[in-house]
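Dropping a structure here in structure tokens format, bear with me for questions.
When the chains are written out, they are named A, B, C and D in that same order, and each has its own residue count from 1.
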Amino acid sequence: MQIRDYILRRLMVLPVLIIGVSIIVFALTRVGGSPIGVYLQTGMTQEEVTELEERFHLDDPLPVQYVYWAGGVLTGELGWSGVAAAPVTDVFLPKLAATMELAISSALVAVVLGVALGTFAGARRNRLPDHLTRVFSISGAAMPLFWFAILLLIVFWVYLGWFPIGRSDPNIYARIDHPTNLYTIDSLLAGDFGAFGDALWHLVLPAATLGYGATAIIARMMRSSLVEELQEDYVDAARAKGLPERLVLRRHARRNALIPTVTVIGLSFGFLLQGSVVAEIIFRWPGLGRWMADSVLRGDQATIMAYVLFTSVLFLVVNLAVDVIYAYLDRRVVLGE
Amino acid sequence: MSLIDGIGPEAAPRARPAVASVKDLRVHFRSKVGVVHAVDGVSFDIGDGETLGLVGETGCGKSVTARSFLDLVPMPPGIKAGGAIEFRPHHTCPSCDGAGCETCDDSGRQAEPCDSCNGGGCEGCGHTGQRTIDLLEISEKDLQTIRGNRIAMIFQDPGKALNPALPIGEQVAEVFFQHRADDLLADAGASDGTEALGGALIQRKAGLKTSRIEDFLLSLPPLRGQRTKLMAAVQTRVAEALAETQIPNPRKVMDRYPHELSGGMRQRVMIAQAIACDPDLLIADEPTTALDVTVQARILELIRDLQQRHRTSVLYISHDLSLVKEVCDRVAVMYAGRIVESAATSSIFTDPHHPYTQGLLAAIPSANHERGRLVAIPGNVPELIDPPAACRFAGRCPYEAPACTAHDPLATTITANHEVACFIHHAPAGDEERPTWDRKVR
Amino acid sequence: MTAPANTVVRTGRDGDDLLVAVRDLKKHFPIREGALQKVVGHIKAVDGVSFDIRRGETVGLVGESGCGKTTLGRVVSGLTEPTDGGVYFGLGGEERRKLDTLLEVQSPDRTDEQSEALSALDANHRVDVMVGDAFDHYRRNCQVVFQESFASLNPRQLIKDIVGRPLRVHREASGSDLTERVVELLEQVGLGRQHLFRYPHQFSGGQRQRISIARALALDPELVILDEPTSALDVSVQAQILNLLHELQQERNLAYLFITHDLSVVRHMADRIVVMYVGKVAEAGPTQTIFERPEHPYTDALLASSPDMKESAQDLQALEGAIPDPALPPQGCRFHTRCPVATPACGWEVDDIVRWLEDEEGMFDELRDVERKSPFEAALSFRSEDAANRLAAALRSDAVPDAMRSAIEDLNTTGTDTRIRFTAVDEVQLTLRSEDHVAACVLNRGTSTEPS
Amino acid sequence: MVDVPAGPAPARITDSAWRVRTRRGGELLMSLLKNPTTVAGLVFIVLLLGMAIFAPLIAEPNTPDAYQMPRDWGALAVPPGSPGHILGTTNVGGDVLYGVVWGARTSLRLSVIVVSLTVLIGVTVGSIAGFRGGKVDEILMRIVDVFLSIPELIFALAIAAVLGPSFRNIILALAVVFWVKYARIMRAQIIHVKENEYVDAARVIGDSPLRIYLKDILPNSITPVVVQATLDMGNIVLVGATLSFIGLSEAGIAEWGVLVSEGQSGISAGRWWSSTFPGMMVFLWALGFNLFGDGLRDVLDPKTESTR
């Protein structure tokens, strides 16, 4: 099979999955009872209620309701957010930018650090660095994000006061324009390095919280796949060619060990998305995650569903991209299918 | 051609120095239940231009022996328990330029002189006057200049020995980058670093020493020309090497990934890579086991042909006696970490002395055997955990005598070039009078 | 000269000793490709194979990897459903004659009566359709010993359970009776009571193969399919197993279908041999005949390239080229692409030119399109006139085999296009060469007799 | 002609299947205990389980519902070491020690219920998909893929939010989310194990598909499920506590996430204890099962060290 066909096939599955997710989301909106509740006011007559139901097609059978609902979603009609007191679509973008800034910076750190750490440990199997990495990654997997964040908060904010919480200093925020809503980018666009430093400064604690878990996952995968690759014949063959160990590792073992790691990197993006809910609550980061948490507490269904739908689609697209990278890295996948 | 025609035991003169001598090699492995003596006192010579077959069944230590040449036995769990592998690099005879003359015994090759005595003979070279390297002692860095350059190796499964994620061309090219960087630079016309930065960079590139940033610099216009030239030079060399192993359309094969080639083609690529630097010694570890018979025959032909043209010495590892008969001048039979018998190929097959060799030969089904009457060696190979000082074949041997379990037989020369490690062939009758030479067991 | 499509390897004596009849057996595996995973072709693993296995005899099935011998073994053992044709078990002499007469008529031409008779035979004897008692009888009487002794024993079961399982499944024994029966079986294969309560990983390869054999013998079958039973073993252990297999065959009058790539083993073990190449039978006959008077050049090549087949110090003869892709088997004789004695009548085709182009430096990249009218006729268009002319010149020179050159009926180049037509050739069929000896080759070495 | 036994531990004639199997179990346990980190994990698990089981003895309940935090209105937010409140109290007078101890019991209840439910559903679905193949497999796996495309915490959060905040709903939400993982592992395992020749051998014998599944396929494919279940005993408490922390449990129950959340507001005032101790319990719980599961994987199936 050609790589093109492989990608095409993945692209064809994508809408099926998105429809599947949307069905689940739709089902969730109906599990908690009719969504009519949002529009009800005290003292409405039975006729008025029925009229409302008709207006929002709530008297139709569920499949028909789903079609109306999905049509609404496709035209950007995501409903009214009670928490933000505005249509969901209006509030979405600036909050998305905040979450993305956090997630992407954590992802960058996690990928670089995770791959490096995993390579370092895997090449020194069963020696001290390997054992330390093992401890690091297992505790990473077992670490409750909310607790780790609170510990960082207690130490670095309450006691040491080294790092701030929130997303930026209000004065500095006011001093520059925000065309992208990614503060680091905005500050660079404005050429204001003070603002850039401030944006980075605010990123440190939440990004460290999120990055720790993701780094642990990636390092662990990288380590074990490297250990596996180092036992393959081609590694010995590379040594037998006279390549120094550095090149055996760099050109041969690591390249192949990265292949399974790439999948894990894709999956760890999901970890970052869901972790952002907790990190944003604790560090008062004005992103999607915190909005989601507030909405959950206040039963703001429209926001919750929009958020679930959006993160799932984002997660799917990221993993599709990862699959494509994977296919390029490992031609055998494509042929083996 | 046939290597064995008319070559009797006496007809293989070994006056010229051996290209490699294994001396009392011991490689052990630590395991849960104890120390496994996988290779336990193996000694043999490989003459220059000779093909030596190392035969034995699963677990006899033949592959470990072969891998020890290039320090490819994983340590731990492996332990270098002793012995030496002496390697004597050769070069083309200067007086006849490879044509064959008096000084080089018509072989066209000559051993390099010893560094310290320049051919005079001293302690370091064992009074042979030849440069002698103990492969077990030298540093990793020195070993890297020998691996793939003076000693090359072919592996059993070419499907696994090639990196699945790199195109064939890049993998073969590595050998040239690693060992022939200067030649490549000369080919590319960049040998005398014309520009300071560019010259240095391209030299680093030729030695595979560039970092990502340097690679990026090289891809920029001012340096790109030189880089392209270098790449063209290496591609020409790779294509030549592949063509040498009769790969059709080598330029096309270079862009392929290993999984896109057939098993036979992959093994040709491995061979091309191994002989690229014209090594003195080629170690072939069961090179045809994973291949079909008709393909196997092609590969054997190829190895034989290359061996003759390049006058490379070959250490051929196999479990298959009939294969070894085809390609080898001399055969050493291994059993349970020891060499039990070694002789010229024809004498092993016509006049085997060790009961194990006899058993192995008789176990091959042939037209002469009545069905159901194959000679099977009873029992299993012994576990090699702290073995006692006794013959390792005791317990399975039809000729076993009390001495066999009490003493450890040493290899003894019975005729010229024929050595056997067994009591029954050199002992007079009567158990009491059996020789009692013991091998030192460590 | 050409025999009907279902020429069968058969002896002169049509006795009642027939056990298995394989008739025009085909197994094709679909190849799926593209974004929609459409079936774009089939791997023709087994492509029309017929032969018999008689009681108490050993039939050797030899060939290289990818020739279909393992798939064939799996179909005969009922593990894989055939695509077409059938494996018939337990036919009497009369029934078998009836079957062969019925099968000589192609299915569209069959009368209702014939179809009915055939389905009646199928229901009782064809392995992939039979049910009930017939199937039970077949299952008891056809067992398999696999190549990988480790993979064929469930690592989580004790030897007692592994060997006793067939007895338990067919309700032949239970409790202490079962244990005694298992001990008996183990003793027959050279193991004993002390091995009852062990796991497979505690045995050596040879011992595990003995366990597999014991399991296969538990139901006292008539046929055992041996799929490369010794190729994972060392030669000295192989000798033990081969001796054991022979001993058991003598005691129990077993029939073996011995699948292997090792000619020395098959010569030692088999009474008759079937040589397969790319899904088809190249040659079949009594062992001695095959080894002493082979009729097919592929058999020659196999013999010449096996070091342990040679008696003297003569050179190994190797074959050029690779084994063809079983999805696109060559026309005519499937061996013509590698055959050293190929003739113009062996099925030269357009694909042979494409293969040639692939191996020629710089030529394949010049090829733009191949427009096929038939496997034997096509127009090849190139990117440059030069390439088209180079091909035409090569096809007229000795850059290609003589036989290929002679098979060209028409060749002309106009601009960047080269049109070519080869002599169209039918698939080469098996023909009878001597008693019980058939080969599929257009050449005849003089011992042939016309098929009866 | 007879081979010399190759394996260790020469078997005696008096062996019975039962004795051999017990010995094998013993060997397995011994190799588990050789790894110090696995032992550490086991120690954490034993201590925490002990705490969960003996909770009524360690911290005596004085409310009708023992899973509700007792409130000491006379000692709000007292620091650790105060009399009667060794680990201090929360802003609303909940005894941190009581929460820590009874939280273990809550967590045990949560993880046991969710793991047994999800393993049961997942293994069934995965087995059907892997064993049957074809259209059934295609449809089931698409459903699994859909479930896997929603990040698990977010999915559970949404379900729990729709159902309304309560601990029971957290259990339900986690069960809905976590089964897919097992279905996927089980299917992959079965497809892999099905290829083994011992399955063919059983078919040649004439054994029924159900018995082949029960004897040959299930025992040889269940190990990764066991390992995953061990890891999930920890992970589920982790995710459950996160949901509680966000606020999806009833307020005031003895649950670690709830306690951390209660303590959160006091952090800026320097009251670190009521978040730190319960949070640490979640960490230790998850760490214990992760360490143990990791060791279990190395012992049961050394080759699949890297599958997760």
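Following the convention adopted for this analysis, contacts are C-beta pairs under 8 Å (C-beta built on N, C-alpha and C of every residue); 3 or more make two chains touch, one makes a residue touch a chain.
Model, not experiment: these values are computed from the prediction.
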{"item": "Intersection of the contact lists for subunit B and subunit D", "value": "A, C"}
{"item": "Pair joined by more contacting C-beta pairs (A-D or C-D)", "value": "A-D"}
{"item": "Distance from subunit D to subunit A - Cα centre to Cα centre, in angstrom", "value": "24"}
{"item": "Between subunit C and subunit D, centroid-to-centroid distance (C-alpha), Å", "value": "51"}
{"item": "Approximate Å spacing (C-alpha centroids) for the pair subunit B, subunit C", "value": "37"}
{"item": "Centroid distance [mean C-alpha coordinates] between subunit C and subunit A, Å", "value": "54"}
{"item": "Touching two or more other chains - residues of subunit D", "value": "1-3, 6, 8"}
{"item": "Residues of subunit A touching at least two other chains", "value": "none"}
{"item": "Shared-contact residues (touching 2 or more other chains) in subunit B", "value": "376, 378, 380"}
{"item": "Parts of subunit D lying in touch with subunit A, wherever the complex brings them together", "value": "37, 142-143, 145-147, 149-155, 157-165, 234, 238, 241-242, 245-248, 257, 260, 264, 267-268, 270, 272, 275-276, 279-280, 282-283, 286-287, 289-291, 294, 305-306, 308"}
{"item": "For the subunit B and subunit A complex, residues of the former touching the latter", "value": "67, 70, 72, 140-141, 144-149, 152-153, 155, 157, 160-166, 174-175, 178-179, 208, 257, 259, 270, 273"}
{"item": "Subunit D-facing residues of subunit A, complex", "value": "13, 16-17, 20-21, 23-25, 28-29, 31-32, 134-135, 138-139, 141-147, 150-151, 153-154, 158, 221, 224-225, 227-228, 260, 270-271, 273-275, 277-278, 281-282, 292-293, 295-297, 299, 301, 304-305, 307-308, 311-312, 315-316, 319"}
{"item": "Residues of subunit D that touch subunit C when the two form their complex", "value": "1-3, 5-13, 15-17, 19-20, 24, 196-198, 200-207, 211, 215-216, 219-220"}
{"item": "Complex contact set, residues of subunit C against subunit B", "value": "64-65, 204-206, 234-240, 242-243, 246-247, 250, 261, 263-265, 267-269, 291, 301-302, 304-308, 313-320, 322-323, 338, 358-362, 364-365"}
